[in-house]
Amino acid sequence: MKKKLLAVALVAAMAASLMACGGGSSSTSSSAPAEGEATEAAAPAAASGEGIRLLNGKPEIHDQLMALAAKYKEETGKVVNIETIGGDTNASDELKKMYQADNMPDIFVIEANQAANWDGLLADLTGEAWTNDTDYELVDAKMGTIGFPYTVEATALAYNAEILEKAGVDPATLTSPAAWQAAVEKIDGMKADLGLTAVFGWCAEPANLGWSSGTHVFAQYLDAGLAQDDTTYIDMLNDGGKIDEARMTNFAAFIGMMNKYSDPDLLVDGTYDDQVAGFAAGKYAFVTQGNWINGAVIGSPDYTGWKMGFAPYAFEDGIDTIIAGPPSFWTVYSEGKVDDAKAFLQWVSDDSAQDILVNQANLISPFNDCKYTAADPFAESIMGYMAAGKTSGWHTMLKKDGLQNKTCQVFAEYAKGTLDQAQFVSTMAQVIASYYNQ
Amino acid sequence: MHRKEPTSRVVIKFVIAIIIAIYVLFPFALVVINSCKQTADITANPIGLNGVSIGQLMRNLSDVINNSNFLFWQAFGYSVLITILSLVLLALFGSMTAWVICRNKTKWATLIYFTFIASMIIPFQVVMLPLISTFRDVGKFIGIPMLQSVPGIVFAYLGFGGAMTVFILTGFIKGIPYDLEEAASIDGCRPEQVFFKVIFPLLTPVITTVTILNGMWIWNDYLLPSMMLGQNGKVKTLPVAVQAFVGSYVKQWNLILTAALLAIIPMVVLFLFAQKQIMEGMIEGAVKG
Amino acid sequence: MNEASGSKKMLSLICLIGGVVLLIWSLALDFMGTKAGYRGALLVIGIIGIIVGMYLLPTLKYHRTLIYVIFLFPLLFAFVVTVIIPLFLGLFYSFTNWNGIRYTEFVGLANYTRMFKQPSFLWSILLTTLFVVFNMILVNLVAFLLALLCTSKLKGMGFFRASYFLPNLIGGIVLGYIWQFIFSNVVTQIFKGMKYSMLADTKTAFIAIIIVYVWQYAGYIMLIYITGLNTVPGDVLEAANIDGANAMQTLFQIKIPMIAPTITICTFLTLTSAFKQFDVNLSLTNGTGSLMFMGEFLTNGTQMLALNIYNTAVVENEYAFGQAKAFLFFVILACVSIAQVRISNSKEVEL
């Protein structure tokens, strides 16, 4: 009797282990043939029903991309699977793991400086029809056109137009440190009347918001006031981690002003949500974010419909530009289903897809022939800068990958007051140089 | 038995015990309370009961459970599947291996045994990186994906859990008198029958111990599944799903704490039912390991 | 009898040959470059066929050996593929410029010499050592006191024991997030005087990690001490009592010496687990924190060794360098373990 029981148990265990293996192999059989076909010919791959995979790094537009995929299926019968990874730094780490696991998506998001990590693995998109309709594609000297721009984003000091108007400050005049100083003191003096907690909603918390200070705010040092294709400071930086001390000192003075007039509850250990929620509730006149906060601000119950815009980080006289352009790109994996991916990207640049991306996802289109304008409350301000040619590049995305994790700590120490202005500059110089020399 | 302690001291000890218990359980209480709130109420007062409602808990739960980065039921299902498969196979193969090591007095058996023991001090970090590339190549070679798949990770747990399992089981089997087996052999049992008929049933208590130890480890393990499964793969365990959910820069504490609550509940429920076995298993493992 | 064994022989041969054929077929498919999905199934069936065939082989002489081989195979195979092969591959890779996929150059000891010139890594070693020392003392002290409390005859001791142990059930990732919430939202609320969260400053963040760790681990170590204390024979305690020893004397002169082996076990457990600390470190602070160390401004103030290794490889994409660091980590841990075994062996001889 016991023997029989044992036999049954043993068989069950064997069956379980077999099922585990069987489960694995059956899941292979659905994906493996698709891979095989892709390397041979593109034609049958489309019919396999597996479709292509797109790795998205912006969780806030995940639902809209799902809608985009549905539309693509409706129009062409082809499938696009959207996979989203939260947080922009995570996407690149996860991609490395996916590559390790031989599980690469066909289209994935990269920032410009990550192109080198994928040397030889990105398909050349030169000659695609959409490249004629945009100025923002990512071109690599070695690999050709590799990045498809899916959005234009802008960042500078986002302001609440209603508050500035009440305070009698014209954002167009904020183009010198002196003008800023005067305006900030004025607003600070009227805080109670305006219902403000602080002039700035600036958050230098490094663990979760390091991308904000280390990449976006740092971007202003690199690009503020420069023409779109001017690479003076990024070239210096990438030449062994050099900085322009005079410019960094002026930048430090400006950040010092922001530290002084910022909400102390937010400055050192706040969160992105607190920052955006505070701005939406009219607690801050300025926040250090970009137009990607539009969805969260409009969706906030405290938002009362006021306009928003961007003012430049004028840490030197005459700085009057904001940073605008695609912060990240979609690239095509050269060992994936390249032709299907190219077809999809071409479709995304066309009318029905742009309709979804602009009108539902509130993205600003990088394509000249796009006839939609985003319902983004920042759109008017951004378009104004773009029309006047007052935009600077996102060259911060070309700094050595991972530098933001170091510099954000320097911003945090400055915000806490453990570093003064001069120490901020010298520490910044030392941290950057040692990171580049590693 | 001996001198009774004065009542005052008993009371003081009791009060101390209660204070410590409050301190230890406080974080759990915070998780429960704040899972029933909106973000605004949490920011306003994370300790108070303002804004606590079952309706809000339900809203948070449905937000978290259906979040595309979390997918609770899927992650829970995979965690259960991976844990159970690993435990069953570890117990079975582990006792088979341990028995052979005990009953086979050759150089080979000794060598295998000491390799197992020596491998117990290898920290996971040392093999983590080449493990991924090995598994990738093995997967390609045999045609079964070993990364981002259930068989792959179960196989890895067999490999990593094997040493400790065999060590504890060998210690136990050594104590079983050989006469038992000889008697069975004389009765005409073949060696495999001796193992499954005589030895395996005797192992129940020690298999319970290793199962608890391995179970606690596999269920809560983060690094191995995060390396082998990735955060966006279809197969995700609960700790990986929690990390994938929270790792995004959107810090909504009500949802994060709800996710934490969901991750905690299965363990706590299990603990309530098998409190004695779990605590004893953990002690046994520590004393023997 | 003869007929039965004859058919058995046939069956066994069929299984063996079939298994080998399937195995070769699946491997041949692999070399021909076909990515057919049934390849894996063929291989598995082939292996099982061979095992069944071996099992059914009608030889009495070698049957026992065959069974031993079959019994050893599954676990040993998994162990070799997951531990042994990666261990040696890793050792090899640490002397190259491996990037996780391939290597192009043999760099000798360059990775090993480089890590000792990297202040952030040296800081991680120092920090981990500090963490281990603090934890070993604190966890053991707290756990021992809890054990004393829990072995006194009080009402509801089962409940207290269980609740002190409860945090140990929860995985480090989840715990880290819960405590991140507590430090950044709750603690600042309770102590209004605090300017900002404990996690925002390197020193206080380090204390925070220790608090979480003691909270999580003390309950488990307490259980082991309770077991140890319960082995102290009642009559010895009674004898001491009759001799007029007070509680302190009983504790220091009887209880502690008698549970010396338990103390060794607990010290060892806290030591190795604190060394390997990763999950809480990742989810609580992710290693952030800044400080001046060796004349450099470091940004990994709370990053312990395990996390440093992980970040070097996975985040900074330096797989070979991370692998070399991992080997140093292994060597440190191995030395500690061996020292530990030596000490506990010599102690047991004394007893």
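Each chain gets a letter, A, B and C, in the order it is written, and its residues are counted from 1.
Keep this in mind: contacts are C-beta pairs under 8 Å (C-beta built on N, C-alpha and C of every residue); 3 or more make two chains touch, one makes a residue touch a chain.
Keep in mind the model is a prediction, meaning the values are calculated, not measured.
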| item | value |
| --- | --- |
| Category of the chain touch graph - line, ring, star, complete, other | complete |
| By number of C-beta contact pairs, the top two chains | B-C |
| Centre-of-Cα separation between chain C and chain B, whole angstrom | 12 |
| Geometric centre distance via CA averages, chain B-chain A, whole Å | 37 |
| Multi-chain contact residues (two or more partners), chain B | 43, 89, 132-133, 140, 143-144 |
| Touching two or more other chains - residue numbers and ranges from chain C | 35-37, 40, 44, 100-101 |
| Residue list for chain A, restricted to those that touch at least two other chains | 21, 24-25, 28, 32, 97, 100 |
| For the chain B and chain C complex, residues of the former touching the latter | 1-3, 5, 10, 13-14, 16-17, 20-21, 24-25, 27-28, 30-31, 34, 42-43, 45-47, 89, 93-94, 96-97, 99-100, 104, 112, 115-116, 119, 121-135, 138, 140-144, 155-156, 158-160, 162-163, 166, 190-192, 195, 216, 219-223, 238-239, 242-243, 246, 253, 256-257, 260, 263-264, 267-268, 271, 275, 278-279, 282-283, 286-287 |
| Residues of chain B touching chain A in the complex | 39, 43, 68-69, 85, 88-89, 92, 132-133, 136, 139-140, 143-145, 147-152, 154, 193, 196-197, 200-201, 227-228, 230-233, 244-245, 247-252 |
| Chain A residues within the chain C interface of the complex | 18, 21-22, 24-26, 28-30, 32-33, 35-36, 93, 96-97, 99-100, 117, 205-207, 210, 264, 268-269, 401-402, 405-406, 408-410, 412-413, 416, 427, 430-431, 434, 438 |
| List of chain A residues in touch with chain B within their complex | 2-3, 6-7, 10, 13, 16-17, 20-21, 23-25, 27-28, 32, 55, 59, 62, 83-88, 90, 94, 97-98, 100-103, 208-209, 211, 271-274 |
| Complex contact set, residues of chain C against chain B | 26, 29-30, 35-37, 39-40, 42-44, 55, 63-64, 67-68, 71-72, 74-76, 78-87, 89-90, 93, 100-101, 146, 149-150, 152-157, 159-174, 177-179, 181-182, 185-186, 189-190, 215, 219-220, 223-224, 227, 234, 237-238, 241, 265-266, 269, 275-276, 278-279, 282-283, 306, 309-310, 313, 319, 322-323, 326-327, 329-330, 333-334, 337 |
